[in-house]
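So, here's a batch of structures to check.
The same chain A turns up in both complexes below, where it pairs with chain B and then with chain C.
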Partner chain A sequence: MKCRRCKDKGKTEKAIIFLPHHNLSLCKDCFLAWYEKRLDETIKKMDMITKKDKIMVAVSGGKDSLALWYALTRLGYEADGLYINLGIDERNYSSTSGEKAEILSKRLNRPLYVIEVKKQFGKGIPDLNKLTKQPACSICGLIKRYFINKVALENGYTCVATGHNLDDEVATLFSITLSWDIDSLIRQLPILPEKEGFVRKVKPLIGFTEKENLLYCLLQRIDYIREECPLSTGVKTIFYKNLLNRVEQKSPGTKLRFYFNFQKKLHPLLPGQIIPPLHSCSICGQPTTSYDICAFCRFKQRVKHSLQT
Partner chain B sequence: MKVKVKDKVYQFNSKMRGIELLKKLNLQPQSNIIIRNGQVITEEDYLEPKDSVEIINAISGG
Partner chain C sequence: MKCRRCKDKGKTEKAIIFLPHHNLSLCKDCFLAWYEKRLDETIKKMDMITKKDKIMVAVSGGKDSLALWYALTRLGYEADGLYINLGIDERNYSSTSGEKAEILSKRLNRPLYVIEVKKQFGKGIPDLNKLTKQPACSICGLIKRYFINKVALENGYTCVATGHNLDDEVATLFSITLSWDIDSLIRQLPILPEKEGFVRKVKPLIGFTEKENLLYCLLQRIDYIREECPLSTGVKTIFYKNLLNRVEQKSPGTKLRFYFNFQKKLHPLLPGQIIPPLHSCSICGQPTTSYDICAFCRFKQRVKHSLQT
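For the complex of A and B:
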C-alpha cells in the first residue's frame, strides 16, 4: 500500500497506516503532518484556543494527553502540564505514569505541576474507595476536576486542555444516549466556556481515534504508560469502545458521524443548560452550586470522619 | 514468527497478512497497531515466519 499524499506529489512512499474513515493511506512523515494540521484546524475551527492563551494540559502519563501536550507545543501553543498522582500502587501504576509525564516535561522544557492525592488525603484512590465505598472512578473524577480547575486558576492559565479522544467521546455519547440522559447530553460539548471561578476546558483531540494518538506517540517516540489503570478493569467504557469499533469495521466513519452530527444536528435542538447559581465554598473558596461547602470538601470531611470511626 | 501482545508471546509459523494475524488473535484493526521488526506496518502488509512482531492495543478505560 502506497502513501496517498506522496502519490499526489508524484512520489512513491510505502504507507504505514490506512485510515478507512478518511479513505487515506499515509507514510510516517505524511501521517505526522496530517495529524498536526488536523489538530490545528480543529482548534481554530472550533475556537478552542489561540496562541495568546496560557494552556494547562491535564496529563495522565497515557498516550492521548502526552500526544496532545507534545503536538500543541510543536504547533507553537504555550502549554504546560498538570499531573495528578492518584496514589495507585498496584503494578506501580501512578509512579510509572508520573515518570512518563516528567520525561515529556523535560523533553519539551515546559513546567509540570504535580498534585499528590496521598499528600491531600493521606491515602491513594484504592484506599479511599475502600474507606468511603464510593466508586473509584467517581472519586478520581471528583479529585481531578477539583485540582485541574484550582491549579489552573491559581497559576493564571486561561484554558485547560484534556486528552479526550473520539473513542472516549463516542463511548460516552453512546452510553448516555442508551439511557436518554438529556442532562448529560446537554453537557457533551468539546468546549466548556469559562465562567466565574471556572477556567475554560477544551478537548482538542475529539477528531482523533485512540489508534491515531497511539501512532503519533510511537512515531514521535513519546514514552507513555502502556498499562491500563488497574482500577478500570472491566469498565463499561471499554466494552462500548470495542462494540463501536465493530460497527466502525462494517461502516467506516460511523464514529465521526455519530459524534460530529450530534454536535451539529442534535445538540442545537436540546434545551440550554440550566446553571444553578454559584457560591464560594466556605472551606476552600472554590465555586460550588451548594450553599455551604463544595463536593470536594464534603468528600474530604467524609474521609476524615471515616478515619475517626 | 514470534508475536508479542501485552505480556503474552505467541508463535506462528506461516506467512500471513497483518489483518489475518489480528483475526487469529481476535483483535480489532481499529484499535491495534502492528509493529514488524521495530517498524509500524499496515494490516495489509505480509508477515514472514522470521519476523518479530508486536501488537499494541490503543484502547484505554478513559
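For the complex of A and C:
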C-alpha cells in the first residue's frame, strides 16, 4: 500500500499505517506531519490554548500524555509536565512510569513537577484503598484532580492539558449515555473553562485514537510505560472500549462520529451547567463546593483517622 | 430456585425462569400473571390504548406480535390481526408465518386481515429488491407502513399495535445514538399519536425482552415461526442486539435503563417534532408529505416501469 499524501505529491513512499476511519494510508513522515497538523487544527478550531498560554501537561508516563507533551512542544507551545506518583506496584508501574516522564522532560528540556502520593499520605493508592474501602479509581481521581489544579495554580500555569484520547472519551460518553445521566452529559466537553480557583482544562487529543498516539510515540522514539495500571483490570471502561472497537471495526468512523456529533448536535440542546457556589476549604484554601472542608482534605482526615484506629 | 411470588404467598413452586434485570424468579403461573399485569400496566401508564379502542395488531407470525395479540385479548382488549405476506422464501418463511397467524386468529376467534405483496406487485420482496435495487428492508418497511395504516383506517380501527420488543427498540435507539441523529431521536417514542390520515401506533411490548415474549408463547402454547427473516442476516440491528446482550449480561438492567431513561430524561429536552404539511396522494388518496404522489405509489410506478423495460 502506498502513502496517499506522498502519492498526491508525486512521490511513492510505502505506507506504514492505514487509518480506515479517515480512509487514509500514510508513510512515516506523512503520518507525523498529519498528526501534528491535526492536533494544531483541533486546538485552534476548539479555542483550547494559544501560544501565549503557559501549559501544564498532566503526564502519566503512558503513550497518550507523553505524545501530547512532545507534540505540543514541537508545535511551539510552552508546555511543562506534572507527574503524580501514585505508589502503585512500584517496580513495575509507578517508578517506571515516573522514569519515562523524566526522560522526556530532559529530552524536551522542560521542567517536570513531581507529586508523590506516598509522601502526602504515607501510603500509595492500593493501601489507601484497603484502608478506606473507597474504590481505587475514585481515590486516584480525587488525588489527581486536586494536585493537578493546585500545582498548576501555584506555579502560574494558565491551562492544564490531559492526554485523554478518542477511545477514552468515547467509552466514557457511551457509559453515561447508557443511563442518560444528563448532568454528566453536560460535562462531557473537551474544554472545562477556567473558573474562580480552577484552572482551564483541555483535552487536545480527543481526535486521536490510542493506536495513533502509540504510533506517534514509536515513530518519535518516545519511551512510554507499556503496562496498564494493574488496578484498572476489569474496569467497565475497558469492557466498553472493547465493545466499541467491535463497532468501529464494522463501521469505521463510528467513534469519531459518536464523539463529535455529540458535541455538535446533542450538547447544544442540553441545559446549561449549574455551577454550585464555591467556597475556600478551611484547611487547604482550595476551592470547594462544600461549606467547610474540601473532598481531598476530608479524605486525608479519613486516612489519618483510619491509621489511628 | 424457588418462585419469588409464590414464596411471598407462602407457596413453594419451582421457578422456571430467572429475570436478572428484575432480580425475579418465577414459576409458570406467576410468570404468566406477571407478564399480563406488566403489559396492562405499561399500556395504562403510557396511555397507549383503552378498552374502548378497536385495535389492529400487526402480526408477522413471530413470537412477539403473536404474544401481543394473545395477551391483549386475554386482558379484554378488542384486537384483530393484520398479516402481510411478503412473499419471502414461501415454503420456509412467508407461508409458514401466515399459517401461524391464522392459527391464532382461529383460536382467539378474531378476524385476520391478509395482504399479499405478490398480489399487489406480481412479485415478492426478494424479486422487488432485485428489480428496483432498493434494499429489501427498506421496501419491506415502506409496504408494511402503507398497508398497516390503510387497512386500519379503511376498517375503522382506532389504533395499530406492533410487537416491537425492548431488544428491538434498544438496538434502534443505540444505532441512532451512535450518530446523534436528532430527528430520529425525536421519533423514538412508544406512541405515535393519530394525525390526519394516520392512525395512532403503539408499541405495548417495549417493557419485555425477546426472551420474555418467547417464554409467554411457549407457556401459552402459541405456535410461532422460529425462522428469522432470511433477508435480515447480517443486518446491523442484529449486530447491535448481540453487542447490547453482552452489556446486559455484565450489567443486568442496562437495556431497560437505556430505553426508559431516554424517554424520561433525554426526550423532554429534545425540540418538538416538525411535522411537514400533509397532502392526499393523487393516485391512492393516502396522506403523504409529497405534493403529488405518495412514496408507495411512486415505488409501484417504479416497479411497473422496470417490468416494462
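Note that in this section the second predicted complex is superposed on the first by the 307 of 309 C-alpha atoms of A that agree within 3 Å, B and C clash if a C-alpha of one lies under 4 Å from a C-alpha of the other, contacts with A are read in each partner's own complex, and residues count from 1 in each chain.
Following the convention adopted for this analysis, a residue touches a chain if its C-beta (ideal position, glycine included) is under 8 Å from a C-beta of that chain, and two chains touch if they have at least 3 such contacts.
Every value quoted in this text rests on a predicted model; they were computed, and no experiment measured them.
K.L.:
Pick one for A:209: touches chain B only (first), chain C only (second), both, or neither.
P.N.:
first
K.L.:
Mind working out whether A:160 is in touch with chain B, chain C, both or neither, as first, second, both or neither?
P.N.:
A:160 contacts neither chain B nor chain C.
K.L.:
Does the superposition put A:246 against chain B (first), chain C (second), both, or neither?
P.N.:
Both chain B and chain C are touched by A:246.
K.L.:
Should A:235 be classified as contacting the first partner (chain B), the second (chain C), both, or neither?
P.N.:
It touches chain B, and chain C stays clear.
K.L.:
With the two structures laid over each other on chain A, which partner does A:108 touch: chain B (first), chain C (second), both, or neither?
P.N.:
In the superposed model, A:108 contacts neither chain B nor chain C.
K.L.:
Touching A:16, do we find chain B (first), chain C (second), both, or neither?
P.N.:
first
K.L.:
Going by the touch definition up top, name the partner, chain B or chain C, that contacts more of chain A.
P.N.:
Larger number of chain A residues touched: B.
K.L.:
Mind working out whether A:270 is in touch with chain B, chain C, both or neither, as first, second, both or neither?
P.N.:
So A:270 only meets chain C here.
K.L.:
Mind working out whether A:179 is in touch with chain B, chain C, both or neither, as first, second, both or neither?
P.N.:
A:179: touches chain C, not chain B.
K.L.:
Mind working out whether A:293 is in touch with chain B, chain C, both or neither, as first, second, both or neither?
P.N.:
After superposing on A, A:293 lies clear of both chain B and chain C.
K.L.:
Taking the two structures together, which residues of chain A meet both chain B and chain C?
P.N.:
Residues common to the chain A contacts of chain C and of chain B are 246, listed in rising order.
K.L.:
Quick one: in the complex, what on chain B touches chain A?
P.N.:
Residue positions touching the partner: 28-33, 35, 39-45, 56, 58-62.
K.L.:
Tell me, which parts of chain A touch chain B in their complex?
P.N.:
Residue list for chain A touching chain B: 1, 15-18, 25, 28, 62-64, 164, 167-168, 171-172, 209-211, 213-215, 218-219, 226, 228-229, 232-233, 235, 237-238, 241-242, 245-246, 248-249.
K.L.:
Okay, in this complex, where on chain C does chain A touch?
P.N.:
Residue list for chain C touching chain A: 177-182, 236, 239, 243, 246-247, 250-251, 254, 257-258, 261-262, 264-266, 269-271.
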